[in-house]
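Read from first to last, the chains carry the letters A, B, C, D and E; within each, the first residue is number 1.
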Amino acid sequence: MHLDLLTDPLVLCIMLPLLGAVLTAALPRRAVLLGSLMAVATSAAAVTLTILVWQSGTLRVALGGWDQKLAISLRADGLATALVVMANIVGLGISVYASGYFRDPERMRAFWPLWLLLWAALNGLFLAGDLFNLYVMLELLGIAAAALGALTGSRDAIAANLRYLLVGLLGSITYLLGVALLYTAHGTLDLDLVAASIAADDELFAVNAATLVLMVAGLALKAALFPLHFWLPPAHANAPAPVSAALSALVVKAAFYLILRLWLDLFAPVTGMAAAMLLALLGAAAVVWGSWRALRAERLKLLAAYSTVAQIGYLFLFLPLLAATPAGPVRDSLLAALVLMAVTHGFAKAGFFLATGLVQTNAGHDRIDDLGGTAQRLPATTFAIALSGSALIGLPPSGSFIGKWLLMQCAIETGQWWWVIVVTTGTLLAAAYVFRVLSRAFGLEPTPLRFITDARAEIPALLLALVSVAVLGLASGPLWTLLGLQAGGDA
Amino acid sequence: MTQTSDRARQRAQARAQERARDLSLLLGVLLALLGAVLLGLYYLALDGGAAPRLAELALARLPESGVGNPVTAVLVNYRAFDTLVELAVLLAAVLGIWSLGPAPPGFQRSGAVLAGMVSWVVPLLIVASGYMLWVGGYAPGGAFQAGALLGAAGVIVRLAGDPTAGLPAEATQRWLLVLGVLVFALVGLGLMLFGAGFLTYPPKLAKWLILLIESAATIAIAAALAAAYVGGRPAPSKAAIDDYGSDSSP
Amino acid sequence: MTAQFLYGGAGLILFVLGLWSFLVHAPLLRKLIALNIMGGGVFHVLIAVAYRGDGVPPDPVPHALVLTGIVVAVSATALGLVLGARMQAGEREG
Amino acid sequence: MSAWLLLVLWVWPLVLSLPASRVRFRQDWAVGATASVAKPVLGPRRSALPWVALGPLPALVAVLAVPLGTELAMPWLFLGTQLGLDATARVYLGFTALLWLAAGLYTAYGERGASGHAGRFDALFLLAMTGNLWLIVAQDLFGFYAGFAMMSIASYGLVIHDGSTSALRAGKVYLVMALVGEVAVFAGLVLLASETGTTLPEPASVRDLSGLTIALLLLGLGVKAGMIPLHLWLPLAHPAAPVPASAVLSGTMIKVALLGWLRFLPVGELALPDWGHNLALAGLATMALALPVGIVQRDAKVILAYSSVAKMGFLMLILGLTLVQPALAPVGVAGIALYAAQHGLAKGGLFLGVGLRKHAGAPGSLAQALILGVLVFFALALAGAPFTSGAVAKYNLKPVLDAAEWTWLGGAVAASAAGTTLLMARFLWVMVRTEPHEESGWTWPLAAWGLLLVLVALFPFAFGKPASWATNAGPIGLGVGIAAAVALLAATRPKLLAPFIGLVSPGDLLALLAPLLDAFRQSGTTLLDDLGQAWSRLQALGAAGFERVFGTPVGDVERGLRQWSLAGALWVGISALLLILLLASRPLVAPDTGADAAAPVPTSTLLRKFRDRIPSLSLS
Amino acid sequence: MSLDLGPLLPGAIVLSSMLPGVLIFLVDEESHLLRTLLNLFGAVLKLVLVGVMIWGVWRGEVFESRLDIAPGLELVLHADALSVLFVSLSTVLWLITTVYAIGYLEYSVNRSRFFGFFSLCVSATVGIALAGNLLTFVIFYEILTLATYPLVAHRGTPEATRGAKIYLAYTLSGGLLLLVGAVWLRTLTGPVDFLAGGVLSGMPASMHGELVAIFVLLLAGLGVKAALVPLHGWLPQSMVAPAPVSALLHAVAVVKAGAFGILRVVFDVYGVEFAAELGLLAILAALASLTILYGSVLALTQDGLKKRLAFSTVSQVSYIALGASLLGPIATVGGMVHLVHQGIMKITLFLCAGNYAETLGVHKVSQMDGVGRRMPLTTLAFSVGALGMIGIPPIAGFVSKWYLGLGGVTAGQHWVLLVLAASTLLNAGYFLPILYRAWFRPLPAAWENEHRFQTRFETMGALLWPPVITAVLCLLAGLFAAAPVSPLQWAQLIARREYGL
């Protein structure tokens, strides 16, 4: 037996859920047990990985022992690890929740392998160091996600997820064309090597730009950037609650992560202010439109889905600010804020959806206006909604508060003050839609006698929400360390 | 009343159609321009691109890979991870299909001619598949081609009226489906545990490990393709019904 | 070089055509076919890259990528088709 | 040690007010069959002890026992308390305590109105007493103001004690004016503190007052003093209040204003001719209005109230003159204090007498005859007949009057004396015609009254030089003469004078003001209503807009977006735009290499590459 | 054994109510005893800790807890004289209100939720008080908003949820403005701790325009909670809350947080002299005066007792802002001391109003005839509070008014006297009629919803004694204003430090 701590967790993060998927697929009757075990093991691997990266910086491994150029690399830098640890903790929460969620054993059996495949794909995406491998991961993600989304079997769900599947395919094939062009131009698929090649060769600027556009266009579809979000609300709103949580909190985030990676790492010499501004404008539109639609949504899950559209929009606002900020502690802070917002949204939205699912199960529907006392009967769930809601709004203390604070600070510093208006508007609208839900928790219904009624379902939601608020809002310093950034990013 | 509403609907439909046409025209123009730009840039890329790319390297390391066919070497050795994930994709698709409910009923039992042909073709395909698998080691061929052929055999069997497409019962079928990923993963992880690194084949064992993986992959791919063609979870056997109860509604 | 460009360029044109078809045509089957055509286009580009001149062994990496891509495309198409079938079945029932 | 008496003398009544209120804090619901009916928590009259009469006792002791010039500094109390006793304060303390004692005795044993609320009356009585005593011994302006406010507010309860409509109206007028006065005093004191930098004002330290400060102090305290036209509350409050309350209201409380002025104005330090003359004129005007209006009143207590107003006018005149000529201050200040004392005692006697006349003794009894006799004495004293306290006190002020620049002043003062006599005559006339209703138990009130009688009777001999004893006969004689003539006329031809009686209602100017106030209030309400309506219409509009947005069903506005052609067009369009922006962010024009600057055509790197590769596309 | 309390104490003070609050949520609805114990434990513990802190600050010790929530963003809890003033106020009143609330809600539902948020609310207030920089302030300011919302909505009636919504709309918008202002300021100055005398006076003249704009933003944000006209709309609406909540909202938590924030911004961020130089004080003064008068005028027209009190709060709290807007230590003292004085007076009034409602079912001024005879102690307490509000000496309110007036005059702003005078008259105009009814009008034959408690006094002990105690505090704060450790003395201490005297 031989364990190489520096590379094994990287592999295990992907292989454990994959193995879990295989086992749960092969032994459907043991699915819950095996799946839960693998979920725990995966999360443990992810946490180990995080600790390692925190201690020793970026980890990488070229699989198969071949040259970096020839082999597929896995690599975990701060950015990837931050998202991995978020995804895996959220994933663990979702797993615990899901273990009690499905009443129908068939669905339960269908859920586990697909969910673990999705999980593997997520970790793979975050950790992959190879452009084509990313494509395969994207496809795995898309297929598993669409299949999971359709798990309720309702017509709406199938229609929505068929659309989602097609969007995903369209996006990934467009991305793949980009990869093909990139290979044509640069002759390698390794992220670092391509990045180096792009930085070195200015002659191919136009080709690189086109490649970037192809890849970003494909990923923007998957990331549901306004107005390409059209597929998201029906897909996320009609999925089973744990799946919605995973889709909204993690899957969309993965696509965004790739955009970010391309934009900041790979194509940094190609990107410019104008293009960043375009994306940010779309992001701003997403913030306003998504929040508005969330406010007007009739169903709780639709509300949550539109909220995701808005939250993704926030992330794009960072691009022009990053473009306008020279390297240094300020830019580092901005980058950390971006990651922090993404991570916070991951936790918060997962908590929100899980709680929402419980409300839905309890009430038999999720029409907001008819929820009446359901929310009141479930104090812990309402709490989870409240906590994650305040993280969605960006109220302190939550990670998104810090994110917004730094975002606005930088917006003012760089003279792009208009983003402040966008953030403000979005925040107000978010407050309106969150409290539109929360106000249902105060009625003349009978008093609940206990705080927690269904521990297995309520505690994961509550804990995830709590992380988004308390942990990320009050102790986000380690994130800077993880990202390898200079601390104390102040003007 | 209904007439007017009908007419209104028709008018709305006409407007929608018109708009769709406008949009498709617009799209056409846009895409044509985009295509042109892409072509131009593609030219630049071809021209100014890094000429050696990975070919030299891949070919140079071929002897260490354990196979003679460079494509197979890439697939199962240099970029084995891709293949592993790709098998997972296939698995995901089948599981997704299964999650949507039981398979639709198969086709009518084939007539004598078709049945005769099937009884000819299927063994041929199986043999061809085996050949493909073997030849993949040093010439074009390999698990995918083999699996595809084998899968095609399943398709033909289903077309000929066997609703199971020649696949075994669900429990076994599940093992077949996961076999590729399972073997791949176990080999990879096993190597890792023994200190070689994930999917790092020791040169001595490389050939045999690859063969093992390829064989498993072939079976898995074939099973997956056939199962996908069946289009749903296999109808549960009687034993399974007793086992799970009758709660198999989607 | 020219052959490469023509082959790959054809792939690009296929891609664009497939895209157009995907976006414009509503039926699922056409969309899936269009997607496959787009995929085919991309594979063209990859194969074109692999070509290194007559008599020189081609670059095996793009070839492997294409193979992988094909399997992925098959999987996705299969799931799409079944989803579509389920939807139609649902429509027929409802 | 005796200095602590200065603290005790006003804390004592404050403490007493609690038992005096007879509030029962404990309510044992479970006890008794009638538990469901809340028992009145204020006890009946005649509780064990005459709390109210006990209140002023320490003050009386202090008058005698505390040496002049004693000071007690308690910087930790309130905003820095300093208690002390100077000559003026001692006089004030003396007559105030005596009058409160007399009124307290009357209250404890005689007052019977509004049964069931005696505790409330007693408590408020003691609170007012506390305020009154505190402000006298307070040398810091906080103490003065606190006592002043406490006294004013508590008195409100005394005024409206019987709860009749007229009492409530009087109370309202009183309260509004008292508050306005208080606010003005507050502002004045703030300014004073700011301008002089001290919170222990004395004439020597307040030389730098601005006009605004002086005006605020004059007006603010003028309300209490009944300065025309701020006197409106006086003729209303006095008849409304129970007898002992009226006695202290008129006897001591309104005098406080003078004390305040003596403290806060630079009396004797600085000549303030303008302010002095103004104040003097205000005093004269007060007298000129109060006397005739008083004469035509029906109610004895109203007549007394107007008399008080007139007397305060006189004191204002004196103070004004003193302000004009600082040299007169020693005489003036002492004189004012003494005059205030004698007037307080006499006026107290008169008020108590009104009550006694009404209830003590049967009609025609000896007691009633005696009461009338004593009332005549008090009336004469008030008017200033020779050998009475009034004459003596007025004589003391003669130097001040004589020193005035106004030559006509002597005549005016004489006229006022005559007028006062007439007013008193009118009062006696009314009293005589009042029908008594005998009630029992008036021993102690009568005794208290007797005390006042003795004090007033002894006053000239205690405080006056013999020369002063027989002064002031002229105007009084004139007044008596006119009174006799009028009385004769009234007796013989009642109809001739009847139209004059009640010609001016109590509160004189208020009758003129009231419609004006009503008009203001009405138009104000209308305006407010209009504003309110406009506001609610605006709100309704907002609500309607809100409803229009949020009330309509949401619909699926994104259905269009979900059409692939539209979404696709957007997607492709955005991608194209992105590409354009990316390409545009680079200078399309290649940077000039410098070496071959001769090359005239700047070409983009992109185009150059095409040109190089594809000759047919070459631009050159 | 010497444990260095310095870096721990402020945090411990915040946590001493927050942790019990969180635990209370978990307590089963029926476990009265456990919940009560937790409540009282937290309240008493906090009181003890604050006592230790007062002692330390008095001796000049420094208490400061710091926590990096992100690099460059520091959560700072710092105890200076001003924070001690506010912390002590909230701690003492929290204890009293908790006792009151336990009695008030004895027969109510959802108590775990109520007390949980109640504790969080106080924690947030204490956090605001101890905030050592603008970021910390903003954080606790928002937490306060969130913690209060469920309290306002607690009753669950349609009016309650509506009131809560309005409350939330106002306060969240305000919070956002504050946030933007704080962020903007930070871009100019970097991280800045609150410092007596302000930190901005060194800014170059070219930035003055921005600083004015930031001030307006901050003021708008704080003004919402401080109920400055025209941002006061939420306050009367939130009167639907249970009485202890209203009391806490008005006397300690929400409104006061806004006012306290204004003090902080004027004194410890801008520095009062610099603010005057920028002309900011004039804006503040105008707003405060307008609010004082407008609130009082509206209070006159209210029949609902709590609404009248609410508008009175609108008016009274602006005294604090007024004090901050006048240059000079005396007015500063007036504003600061009113922070405490208004608190104890207003809480007395609200607790009394709660007693009337709970015991007699009396909610309107017009129903208050004779309540003084039925509930003498409560009414006595109410009278003390009301007279104090008017400014009748020697109750606490007079002290504030005196210092404000004197400070205004000293600063050459004589119009302040006019404002105070008008306000006094208006206060009298809406309070004295209540007292008149309570004491002088006859009792009705029966009260509609009278509730007889099994007790020897007019109402349940837990309801009765809290307002009596606070009324006594009002008297003591006034009577012993000049004595050491009175609120006034603390305010003077603060003013001396702010002006460097």
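In the analysis below, a contact is a pair of C-beta atoms (placed from the backbone, for glycine too) under 8 Å apart; a residue touches a chain by one contact, two chains touch by 3 or more.
Here the structure is a predicted model, which means the values were calculated and not measured.
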item: Chains touching both chain C and chain D; value: A, B
item: Chain whose mean Cα position lies farthest from chain C; value: D
item: Chains most often in contact, by C-beta pairs; value: A-B
item: Chain at the geometric heart of the assembly (C-alpha centres); value: E
item: Separation of chain B from chain C, taking each centre as the mean of its C-alpha atoms, in whole Å; value: 14
item: Averaged-CA centre spacing for the pair chain D and chain B, given as whole angstrom; value: 98
item: Between chain D and chain E, centroid-to-centroid distance (C-alpha), Å; value: 31
item: Gap in Å, rounded to a whole number, between the CA centres of chain D and chain A; value: 72
item: Contacts with two or more other chains, residues of chain D listed in rising order; value: 565, 567-569, 572, 575, 579, 609
item: Where chain A touches two or more other chains at once, by residue number; value: 132, 136, 139, 143, 146-147, 150, 153, 158, 181, 183-184, 189, 203, 206, 210
item: Touching two or more other chains - residue numbers and ranges from chain E; value: none
item: Pairs of chains satisfying the touch condition; value: A-B, A-C, A-D, A-E, B-C, B-D, C-D, D-E
item: Residues of chain E touching chain D in the complex; value: 301, 373-374, 376-377, 380, 387, 391-394, 398-399, 401-402, 405-406, 409-410, 414, 417, 420-421, 424-425, 428, 432, 436, 439-440, 443, 452, 454-458, 478-484, 488
item: Complex contact set, residues of chain E against chain A; value: 25-30, 67-73, 75, 109-110, 112-113, 135, 138-140, 142-143, 145-146, 149-150, 153-157, 160-161, 164-165, 168-169, 172-173, 175-176, 179-180, 183-184, 186-187, 190-191
item: Contact set on chain C toward chain D in their complex; value: 19, 22-24, 26, 31
item: Of chain A, residues touching chain E in the complex; value: 329, 333, 336, 340, 376, 379, 383, 386, 390, 393, 395-397, 401-402, 404-406, 408-409, 412-413, 420, 424, 427-428, 431-432, 435, 438-439, 441-452, 473-477, 479-480, 485-491
item: Contact set on chain C toward chain A in their complex; value: 8, 12, 15, 19, 22, 28, 31, 35, 38-39, 41-42, 45-46, 48-49, 61-62, 65, 68-69, 72, 75-76, 79-80, 83-84, 86-87, 90-91, 94
